[in-house]
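First, the structure itself, so that you have it in front of you.
As written, the chain order gives the labels A, B, C, D, E and F, with residue 1 at the start of each chain.
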Amino acid sequence: MFTYQVDGTISLKLFETRDAEALFQLIDSNREHLSSWLSFPTMTWEVEDSKKFIESKRMSFAKEEGYWLGIWIEETLVGSIGYLYLDQDHRKTEIGYWLGKEFEGNGYVSRSVKALIQHAFVHYNLNKVEIGVASDNEKSRAIPEKLGFIQEGVLRDYELLQGRFLDRVMYGLTQEEWRNK
Amino acid sequence: MFTYQVDGTISLKLFETRDAEALFQLIDSNREHLSSWLSFPTMTWEVEDSKKFIESKRMSFAKEEGYWLGIWIEETLVGSIGYLYLDQDHRKTEIGYWLGKEFEGNGYVSRSVKALIQHAFVHYNLNKVEIGVASDNEKSRAIPEKLGFIQEGVLRDYELLQGRFLDRVMYGLTQEEWRNK
Amino acid sequence: MFTYQVDGTISLKLFETRDAEALFQLIDSNREHLSSWLSFPTMTWEVEDSKKFIESKRMSFAKEEGYWLGIWIEETLVGSIGYLYLDQDHRKTEIGYWLGKEFEGNGYVSRSVKALIQHAFVHYNLNKVEIGVASDNEKSRAIPEKLGFIQEGVLRDYELLQGRFLDRVMYGLTQEEWRNK
Amino acid sequence: MFTYQVDGTISLKLFETRDAEALFQLIDSNREHLSSWLSFPTMTWEVEDSKKFIESKRMSFAKEEGYWLGIWIEETLVGSIGYLYLDQDHRKTEIGYWLGKEFEGNGYVSRSVKALIQHAFVHYNLNKVEIGVASDNEKSRAIPEKLGFIQEGVLRDYELLQGRFLDRVMYGLTQEEWRNK
Amino acid sequence: MFTYQVDGTISLKLFETRDAEALFQLIDSNREHLSSWLSFPTMTWEVEDSKKFIESKRMSFAKEEGYWLGIWIEETLVGSIGYLYLDQDHRKTEIGYWLGKEFEGNGYVSRSVKALIQHAFVHYNLNKVEIGVASDNEKSRAIPEKLGFIQEGVLRDYELLQGRFLDRVMYGLTQEEWRNK
Amino acid sequence: MFTYQVDGTISLKLFETRDAEALFQLIDSNREHLSSWLSFPTMTWEVEDSKKFIESKRMSFAKEEGYWLGIWIEETLVGSIGYLYLDQDHRKTEIGYWLGKEFEGNGYVSRSVKALIQHAFVHYNLNKVEIGVASDNEKSRAIPEKLGFIQEGVLRDYELLQGRFLDRVMYGLTQEEWRNK
C-alpha cells in the first residue's frame, strides 16, 4: 500500500520490519564495497541490527523528520534511498543513497533520486535539496553532477572511516533551479 | 508518495500533520452526525487535537500496530479508514471507518474497506478481518453485510456514548471465506 | 495488608515481586495444562519472567487500569484472577482466571470470581462484567454459565495458540441482572 | 478490596484517584494546622494536586518503594499514614503520618502507626522502623515516644518551612526491641 | 567551581539555572541585533525559555554531546560561546558564539574562541574545529578568518531567518594547522 | 576546563566517561579497603559499571541535584568527593568522600572537603552542610571533627553492609558556624 512506483521497473517502499532479513543480506554481501564510503555496515552485524535500524527510521518517519525507502526491482531489494532529514523550518532536505554492487549500471539510483527530488519540491514544497558525498567516491558524485546540482564546497576531514579522514563534497539544488531546467 | 489509489476516484493517504486542518474541519462540520456512533468527536475541539491524533497514529504506524488513512476525493478529505490494530501473533485485524455526511451514497467507504481487506489478506497474510459496529447504526452495518462478513455476536452495553449504552455487533471474515467468494 | 479474605479458606492478594518464585513454580508445573487455553506460559520460562509480569501488573494497578491477584489457600498459591482492564468511561471490565490442575474441583475460582464481580459492581459501580473463554474450554465456560452470565457471541479464530485457531465465547453480566438475581 | 481494618473503628486504604476530592478537602480545611510542620500543603492548591499526589504514590506502591494510606473512620477520611520508603537492602523504613485537627485525641494515629509497625516487621521482615518529627511538634513526638522508640539524634535545620528552619528529632525502633516488649 | 578563567578579564562558566534571568535580559535587550543572524531570539520570550535552554544544554553537557558557556566580565554576562556538538567518532566539533552589541570591540569573542579551540585540540584531542557563519555577517566572519581558519565552502540557502534565506560560509581548522602556526 | 584547583597539589574534576578506566582501577585495587564502609564497590565489577556511574552522576549534575568529582594529584586519580544532594529548598547538602588507601595521610580529603564546604556556603549560599559516617570508621570521622562539625546523632542500623548493620554518625555545620570560625 505504501509503495511508490518510480517507473515500470523500480519501486520504492518504506521499510517494514519484515524487510530486515533482505536488508541485512544485501548489506552483508556488500560489506567491503559499502564500507569504503559509509559507516552503517560497521553497525550492522546481524539481522537484529537491521531490524533496529528499520524501527528507528520508521519512528523518524512518524515524526516527519526524514525516512528511508528500499529500492526494489520486482521482489529484489537492490539498495536504499532516503531523506536524511526534513527541515520544514528552513525548507530543505538532504538525500542519501546506496546500491548493491551487483545492481550498478542500470540507473536505479539516478531515477530514484529524481523521484525524491520531485517529491521534496512538489509535495513538501522545500526550497533546497542537498547531497553530500565523500570526495573520492566518483560513482556517487556522478549522481548530483548529472542532475545539475551545484557544488558548494568541500568540507575537509568530514568523517573518519576505517582510520582515514574523508572529505565531503557538498552539492545543492534549489527548487528554482530545478523548475528552470 | 504514500498514497494508495483505490480507483480513478478514491485515494487513501496516511495522515500527515499538514492534514490536521482538513481533518478537524471535516469532524467539526459533522460533529452531530458523527457523535451518534463515535466517541472521537468529543475529544476533538480544536485543530491541535487533530494534530495530536495524527501524531499518535503515525507512531502506531511506525510500530506496525495499526494506522489510519484519509479517504480523499481529489483534493477533498471525505472520511477516514484504518486498521484499529494489527495483531500478527493471532493474525487478525479490525477495520474502522467514518465518512462526512455530505459524501454518503457514493460507495466511498465500501470501496475503501475492500482495499483494506485485500491488503490485510494479501500483504499482511492475516487470517481474519473483524468489523464492529454499533447495533443501531444501520448505514455502517450495511458495509460488512454487503461484503459477506459473518455476524458473530452482539456485545451488549459495549460503550457509553452521550449517556446511552450502545450494543456492538461483531462481524468477521476469514481469509479462506474471502478467497472462496 | 492488601489481602482480601473471600471466605475462611480463600484469600486474594495483589502480587508482590516476592511472589515471583511461587508464581513461576505454579505455572511451570502446570505448563501443559495451562498452555491448551492460555498464551502466558509460552512467555514464562524463568522466575525473572514472572517477576516482570508482576511488576508490569502492579503498574497497571497503580494506573487503575486493571490488576491481577494471587488466589491463596493458606500459604499456597493455587491460581490467579484479575481484571483484564477497568474501563471507567464505558463502565465495564473483563475478569480472567486460571487454576493449577491439582487444585480444581474445590470451587476456588467460582468463589473468587463472585468476589470480583461484587467488587466491580459495588466498589467501582461498573455497568457490566465480561468473561471471554476459549470455546473448547468446558471447565472454564462452566464458571460464567453457573453465575448467570449471558452468552453474547462466539468470535471465530480469536487467537492462535500452538498452531490452532481458537474461537472465543463472550459472556456478559450487567449490574442490573446481578442485582435482580 | 484493599482495605486494612485496624480495629472496629479505623480502616486504612490505599488511595485511589476517586479519593482526591476528600483528600484535598481535608488538607484545605486544615491548611494552617498542617502547614506548621509539613510542607505538602504548600504544594496542594486544588483537587488536581491531590490527584497527582495519589497517582505518584500509587506508582511508588507499584515499585514497592513505599506508599500512603488514607485513615478512614467509616466513610470519613481523617488523615493519612504511610511508609516514606521501603529499603529492602538495608531492611528499614520510615513511617510518616498526619491527622485533621478535628479528629485529634482519639488515638487514630497511634493505632494506625502500630499497625504499620507490625506490618513492617512481620510482612516485610524489616530490621528497623524510623520516625522523624519536627522538634517543636509535641503532639507528633508523643507517638514514637509512647510506642517505645529510642531517640537517636536531633538533626539541626533539617528543613526550611515558612521561613523558619526546623530541627528534626530522629526516633528508631528495631525489630528486636519491638519483639521484646 | 566550574569557571574557566580565559585571562584576567574574561571567565567562561557553564550555565546554571540561576543564570536564566541574566541570560534572558541580555537576549531581550539585544533582540534586534541578534535576530539578524541567529534564530534563538525568536524562541526566547520569557525567563522560563532561557531556563529551559539552560536545562537542555546542561543535559547535552551531561551526555558529552556539546555545551554552552556564559562569557562573563566580572559579574556581567556579555555573551555566550559553546560547542554545538562534540563528535568523538569523527573527532570534530563546531564552535558557535554571540555577544551583546554593547560589549563588542573588546576581543571578548576572539579570546574565548581561542580558549575553546585549545580545549578542543588539547583536552578532547579532536582533529578539526569548524565554524559556520551567515555570509553577510561580517563581524562574525572576521573571527575564524583572523584565527587562520580555511574557508571550505558556501552552503546556499542554509537557513530561513525572518523570511530571508541566508547562505552559510563554512570554515575549518585542523589540529595540525593549529599546531603549525 | 572544568577543573577546580584546590591548591598547588590537588585538583577536583567533574568525572567524564574517559575517566571510567582510572576510576574502576582505583576501586578495584582498593576493593577490600573500601568495602568495609561503602556499598558501591559491590556494584562495581567492570569498567562499564564505572562508566554508568559517571553517566548517572553527570545527569544529576545537569539537573543541579548533586555531583561527584575526581580528586586528582597531577595525572593520578586518588579518590572522589561530591555533594550527595543539593537541596535548594531547605538550603542544605551532604558531602561524601573516599580515598585510595595508598594515598592516605596527605590531607587530600581534608583539603578537598574544605573546598566543597566553601563552595556550598559561598556559591550556593546553603545554610548547612552535613556529613554522615559509619560509626566505626575512625579515619573518616576525623574529617568533620577536625573541621568543627557538630555531632547531631547516631542513627542505629543505618545500613546493612556485608551482613553487618552499621550505625551512622551524623555531623552538621551551619553557614553561621563556618563564618564565625
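The rule we apply is simple: a contact is a pair of C-beta atoms (placed from the backbone, for glycine too) under 8 Å apart; a residue touches a chain by one contact, two chains touch by 3 or more.
Predicted model, so just to flag it, every value in this text is computed and none were measured.
Traced through touching neighbours, the fewest hops from chain B to chain D number 2. Homomeric contact chain A/chain E: same residue numbering on both sides for over half of the interface positions.
Chain B and chain F have CA centres that are 60 Å apart. Note on chain placement: the centre of chain B and the centre of chain E lie 51 Å apart, centres being C-alpha means. Centre-to-centre spacing of chain A and chain B amounts to 34 Å, using the average Cα coordinate of each chain. Taken as a graph of touching chains, this assembly forms a single closed ring in which every chain touches exactly two others. Order of chains round the closed ring, starting at chain C and going on to chain D, comes out as C, D, F, E, A, B. On chain A, the positions that touch chain E within their shared complex are 89-92, 127-128, 130, 150, 152-160, 165, 170, 172, 174.
Only residues 1-2, 4, 12, 14, 16-17, 55, 58-59, 61-64, 119, 123 of chain B touch chain A when the two sit together in their complex.
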